[in-house]
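Below: a set of structures, written as structure tokens.
Paired with chain B in one complex and with chain C in the other, chain A is shared by the two complexes that follow.
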Partner chain A sequence: MGAFVLKRLGGMALVLLAVSVLTFLIFNVIPNSDPAVRMAGKNANPQLVANITEEWGFDDPLPQQYLTMMGKIFSGDVISYQGQEDVVSRIAEGIPATLSLCIGAALIWIFFGVLLGYLSAVRSGGLLDKALTILAVAGISIPVFWLAAILLNYLAYETELFPAQGYVELTEDPLDWAYHLVLPWVTVAVTLIGLYSRVLRSNMLDVMDEDYVRTARAKGLNESQVMRRHVMRNSLIGIITLFGLDFGALIGGGAILTEAIFNLNGVGQYAFESIENLDLPPIMAITLFGAFFVVLFNALVDIAYAYLDPRVKLGSATDG
Partner chain B sequence: MANAAPLIAVRDLRVGFATEGGLVQAVDGVSFELVPGEVLAIVGESGSGKSVTAQTIIGLTRSPNARIEGSAQLGDAELIGASESELQGVRGERIGMVFQDPMTSFNPVYRVGAQIVEAIRAHRPATKEEAHEQAVALLDSVGIPDAARRIDDYPHQFSGGMRQRAMIAMALALEPEVLIADEPTTALDVTVQAQILTLLARLNRERGLATLLITHDLGVVAEVADRVLVMHEGRIVERGSLDEVFYAAKDPYTRRLLDAVVRIESAAPLRPPRSGAALLEVTDLVKHYPARRGLLRREAEPVRAVDGVSFSLRAGETLGLVGESGCGKSTLCRAALQLIEPSSGSVRFAGREIAGLSRREMRPLRREMQIVFQDPYASLNPRKRIGQIVGDPLELQGVASGDALREQVLELLGRVGLRPEHYDRFPHEFSGGQRQRIGIARALALRPKLIVADEPVSALDVSIRAQILDLLAELQGDFGLTYLFVAHDIGVVRHVSDRIAVMNKGRIVEEGPADQVCERPADPFTRKLLAAVPIPDPHEARARRAAAGPA
Partner chain C sequence: MAPELHAEAGPAGSSPWRLAFRRLRRNRVALAFGGLLILIVLFVLAAPLWAKHVADTGPNETHTLEKIEVDGERREVVNVEGRPIGPVWLGAGGKYFLGADGRLGRDEMVRLMYGGRASLFIGFSAALIATLLATILALLAGYYRGWVDAVISRTLDVIWAFPVYLLGIALGIALALGGLKLGPLEIPSGSIWITVLIIGGIYVPYMARPLRGAVLSLREKEFVEAAVAQGAGPLRVMFRELLPNLASTIIVFFTLAVANAMLLEAGLSFLGVGVQPPDTSWGAMVGDGFDLLSSAPLLTILPGSLIFLTVLSVNVFGDGLRDALDPRSKVRLEAHAGLAEPEGTAV
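Right, the complex of A and B next:
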């Protein structure tokens, strides 16, 4: 197990390296234009462009440029020339809001996704299953921006049940923190609840047909033990894979629209604004930030998978 | 024994399944009694209702479409219609159950020991430690070596035979009065099957356990059963003691079933030795798979799937290739046909070296060598009509098209015993035996010289097996075919082969005329293989057990 974890983490470092090289190439080496001009943004002047060329070493050979860029990002020395602000500290400021949104939404979507999927599978073919199927498909089909607009209109503007905008620090006032996040959480979670309940339902129906479930019943386990220990345990393995990927992608940029609509001032919203302004340095830094989370959660999924399904470990030790 | 009060009394049990085509009566008025200490075998072919009967008794027929009537009493307790909680008290506690496939009957994500502990703690207020200790003792008693350590293995770390032993240990954990064993040895190699049957017989003797044995294999029945029920289309058509059923069967279906059994002693009709030229000559064929180990993926000892095999096959003869699962016989076939690239060695087909030929160079030769596969369900494309499945090779090789194609396919269908109206049907509309006929028609389409039949009858019911073997023999005469006949069942192989090659661990350990290999085996492995084959004849089985001495 230890060797497996090391191997996966090593693999993760390699993937991150590749992503950073790719990011570097996309932003700084595309032909037919001067990267310094693009980086300077809308209010570029010759002096600023010259400074940027000097600062980022755009006259150096490419490997040197790459090292300069990585050095600047990791030492926090990246400036948005348009906004005249420190990009890395701006990202750091946004992290609490982004994590609050993502983790809270994840708890909600996992809880309801699993609950509804379970009910649907246990009552498969019944009225409840049919109703939940319709709801799930509706949830999957609703676009985030539309759902957000509807929630804002009816629950914030018309009835004023929930605040429409803004983020309150958790440390400042936990109740107000949650109160402000309810609508964003729901917005992010609805689609995923629908998706997860469908995936879990079909996993469970498959597992219920397995021979080992019949064995579990033949041993005299009661129905809830059979469901919990054998059907659910084995069905959740697939869900965890899915969750790692979705959660990584959500932190890494999947919540951009939601953050912007509810004005949460998180990393996603910063990305949204930077893209609007064609402000290159923050876009670059946020791309790497997002890639880090996607890759990190991919590696965690693999490790969790090996832990949950013992056959994976064996495969890595004696395959070939 | 017959006077003892029955442990289980089944009266007029009926199980129907509502389908789109109406009610299918899977079990149609079955009655029997199981008394303490006996082994009662229910024999039948697939679809006879034998497994449904056993599962219904302990309430595991759970389909919402099932219609269950009748009565099944365990002592004084009625099981049909009993509540789930009553049945949970019976399952495991009073009736233990062992299933066919030990590969899939354990949950792969829990340790073997944990699953046995779970069974114990479902019924007894034992602590985990107590249950664990008991589980070690149980595994030890069914012959798992080093049980205290192996109990923490996962199911995939056990071999098939060990898994089935562990499954039996789990079924016996709470010392039930009744053991229901549903095809307990069908998925196992014959040598492992013999060990499991010995174990079941020992437990039956030592614990006075009443066993309900569900099987399709009359050899297994003759080895262990006291009484026999024969099921056919949901009804019991024959019942009696072992000898009554085997030697004085009244029912025509039972007699047909007994006649259809391909017995190891029944030699093939004597055929003149083939003196033709060698069609396939394999010399020193090797197929190794490289293995890598550890973090740095260092090269380890390769897996020697085929490890220096030589044989030759004369035109018009049948060579039987026997061996247990994993012995390399399928790999050998694929390497000989160049479906996988051999690591080294020579393969000459009709005098021409074909080892190392490219795919393009092999293409014209492909039509001369065809394969019939084991699983007639998986090897036919479910979305294609029969006419197309059989006609595809003809069309691909540019032999025929249009009306001529249709005519040729119809003729082929006729040759394998199918009717013209089958042309437009889909595979799922056919039984297993018919599907295998389709597979044979497809293999025949290009008039090959060599047919490799890879376990062609092992997925089929006994009564169908004989028909398919007869068909293969008939076609061999008509078309001058040469067969490489691969099977794990030495009885079947002897029935069809001129010569037999026995394979073990990637090597051919013995090769010779079929009679000689079966009657005067030279190699110890061949002797072990032959000794393990259950004999579908109670007298002989008894004689052999007596000769072997007390186990």
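Right, the complex of A and C next:
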């Protein structure tokens, strides 16, 4: 187990390295994107551009520029090109909003996803199952940003039931914090509720066919005991796996659209603003931040899976 | 594995494909949504006809200062405050059927039809590219294993590790500014193909991973061994032995990929890094309408509902297809989880 974990972590570091190199290259091969020209602004003259180029080292060889930037990111004193902000503290400012959004939405989507998937599987083939299936597929098919726009229009602008935008610190006013996050939470959760209920339903239907479930019934357990002790417990493994991947991706910049529409000023929104400005330092830092979570949760899922399901051979699990 | 593993089994005249078709024909819900999809495709195909014969304007033609006659009354296309005219239905003989799209006074109905062409085109071509690449990579990795597999799998891991939207936006902005030059292939900036390639590329790992798993397990089967014993080379084994056994899985993946690609295109265009103006897509139209959300909500609701209906019909029809092709396969679950993953991140 220890060797497996170490190998997984080593692989993680390599993938992150590759991600950073790739991101750096994407933004360095764009034509007409000389950061010095952009920083010099409207009244740029060649001398100013040359000074900035010299000062920031934009004429160094690319590998050297890359190493300098990575060094700055890891020592925490990386400065953005636009407005020369401290990137790490900007990201840190965005983390509470992003975490609030992701954790709250996760609680909602897990609760309803499991509940609806369970009901659907138990009543498989019935009217309730059919209705829930339609709802789930509809949920999976909704464009998230559009759902957000509809919620904003009808629940915030027209009826003023909910605030339209902004993030309130949890420590400042917990009620207002939740009140501002209700619509974003619902926005993020709807698609995933649909997905999770579908996955849980098919997992449960598969498990119900297993011999040990028949054995459990044969030895006289009542239906709810069979469901809870045998079917649910085994079906949830797949859900946990999926949850790890989705949650990692969500924290790692997956909530960009929701953050931007509800103006939550989270990490995702900062990422989007930076990309729009071709502002490489924050882009590199946020991409690494995001990829870190994606890769971390991938690894955690593999490790958890190997732990939960002894049938998984550790050697093969590293191959994905 | 798939029921068509050994096609010679079963009575004559009922090939697995025919059986699947029969099962699909009995699935009324899937057929209904398949029909809806066809209607939507016809709707967008009719765009030039409507533009030329009914609306008498192109999708990108602006009519800011013009006036039109609606039921005998002259009205401004865009009023002094910059508010576009709402739906006039047939009041102006089909012109501005759904009103104008904003400050520029373009015909919303015409844009909706042309925008749908872009959305559907990108969805289908990106899914096609992703499916082709993923299939080839999965066959290579699963057949050769060893270092070939290692190189392919690790490369895909890197793309996988990128948060989907960050990668999409980064590539979208980079290529929208600079265009793309890959050897002889040169795509000018602003071309719809850039979006197609970005989305197609992003989805490759999500599809290649489960397919590779399927190839790895198929490769151990006796029929592969038999083919090799008969002297079949790598290409023959991959494309004549392995590929037909993956066909039903690939078809199912393709439908899922179309749905996901359309959603990603919509998201990227909504953010302004997908389809570039003056061209439009449904996602871009939701983005344009968003600024007028409180005064003209229809401009947001209409294109969004079309995305929703299209993706919904692709998903439901794809579901029916999956049940028909592979009623008992467990591969479908991995497929769903694997492919839905980027969708999960698209929020």
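Everything below uses one rule, namely that the second predicted complex is superposed on the first by the 245 of 320 C-alpha atoms of A that agree within 3 Å, B and C clash if a C-alpha of one lies under 4 Å from a C-alpha of the other, contacts with A are read in each partner's own complex, and residues count from 1 in each chain.
Quick note on the criterion: a residue touches a chain if its C-beta (ideal position, glycine included) is under 8 Å from a C-beta of that chain, and two chains touch if they have at least 3 such contacts.
Model, not experiment: these values are computed from the prediction.
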Practice task
Would you sort A:Ala18 into first (chain B), second (chain C), both or neither based on which partner it touches?
Solution key: second
Exercise for the section: Give one of first, second, both or neither to describe whether A:Tyr212 is in contact with chain B, with chain C, with both, or with none. Expected result: first
Practice task
Tell me which partner A:Pro46 touches in the superposition: chain B (first), chain C (second), both or neither.
Solution key: neither
Handout entry: Partner, of chain C and chain B, that touches more residues belonging to chain A
Key = C
Practice task
Quick one: classify A:Gly220 as touching chain B (first), chain C (second), both or neither.
Solution key: first
Practice task
Check whether A:Arg229 is in contact with chain B, with chain C, with both or with neither, and answer first, second, both or neither.
Solution key: first
Handout entry: First (chain B), second (chain C), both or neither touched by A:Pro63
Key = neither
Exercise for the section: Using the touch definition from the top, say if A:Gly2 reaches chain B (first), chain C (second), both or neither. Expected result: neither
Practice task
Check chain A for residues that touch chain B in one structure and chain C in the other, and list them.
Solution key: 319-320
Practice task
Within their complex, state which residues of chain B touch chain A.
Solution key: 58, 60, 64, 84-85, 88-93, 96-97, 99, 101, 104-109, 118-119, 122-123, 154, 156-157, 167, 170-171, 289-295, 300, 303
Practice task
Name, in rising order, each residue of chain A that touches chain C in their complex.
Solution key: 11, 14-16, 18-19, 22-23, 26-27, 29-33, 105, 137-138, 140-146, 149-150, 152-153, 157-158, 187-188, 191-192, 195, 198-199, 202-203, 206, 238, 241-242, 245-246, 249-250, 252-258, 260-261, 268, 271-272, 275-276, 278, 283, 286-287, 290-291, 294-295, 298, 319-320
Handout entry: List of chain A residues in touch with chain B within their complex
Key = 3, 6-7, 125, 210-212, 214-223, 225, 229-230, 233-234, 237, 308-311, 314, 317-320
Exercise for the section: Could you pull out which chain C residues touch chain A in their complex? Expected result: 149, 153-154, 157-158, 160-166, 169-171, 173-174, 177-178, 209, 259, 263, 266-267, 270-271, 273, 283, 286-287, 289-290, 293-294, 297, 300-301, 304, 307-308, 311-312, 315-316, 319, 330, 332-333, 336-337, 340-347
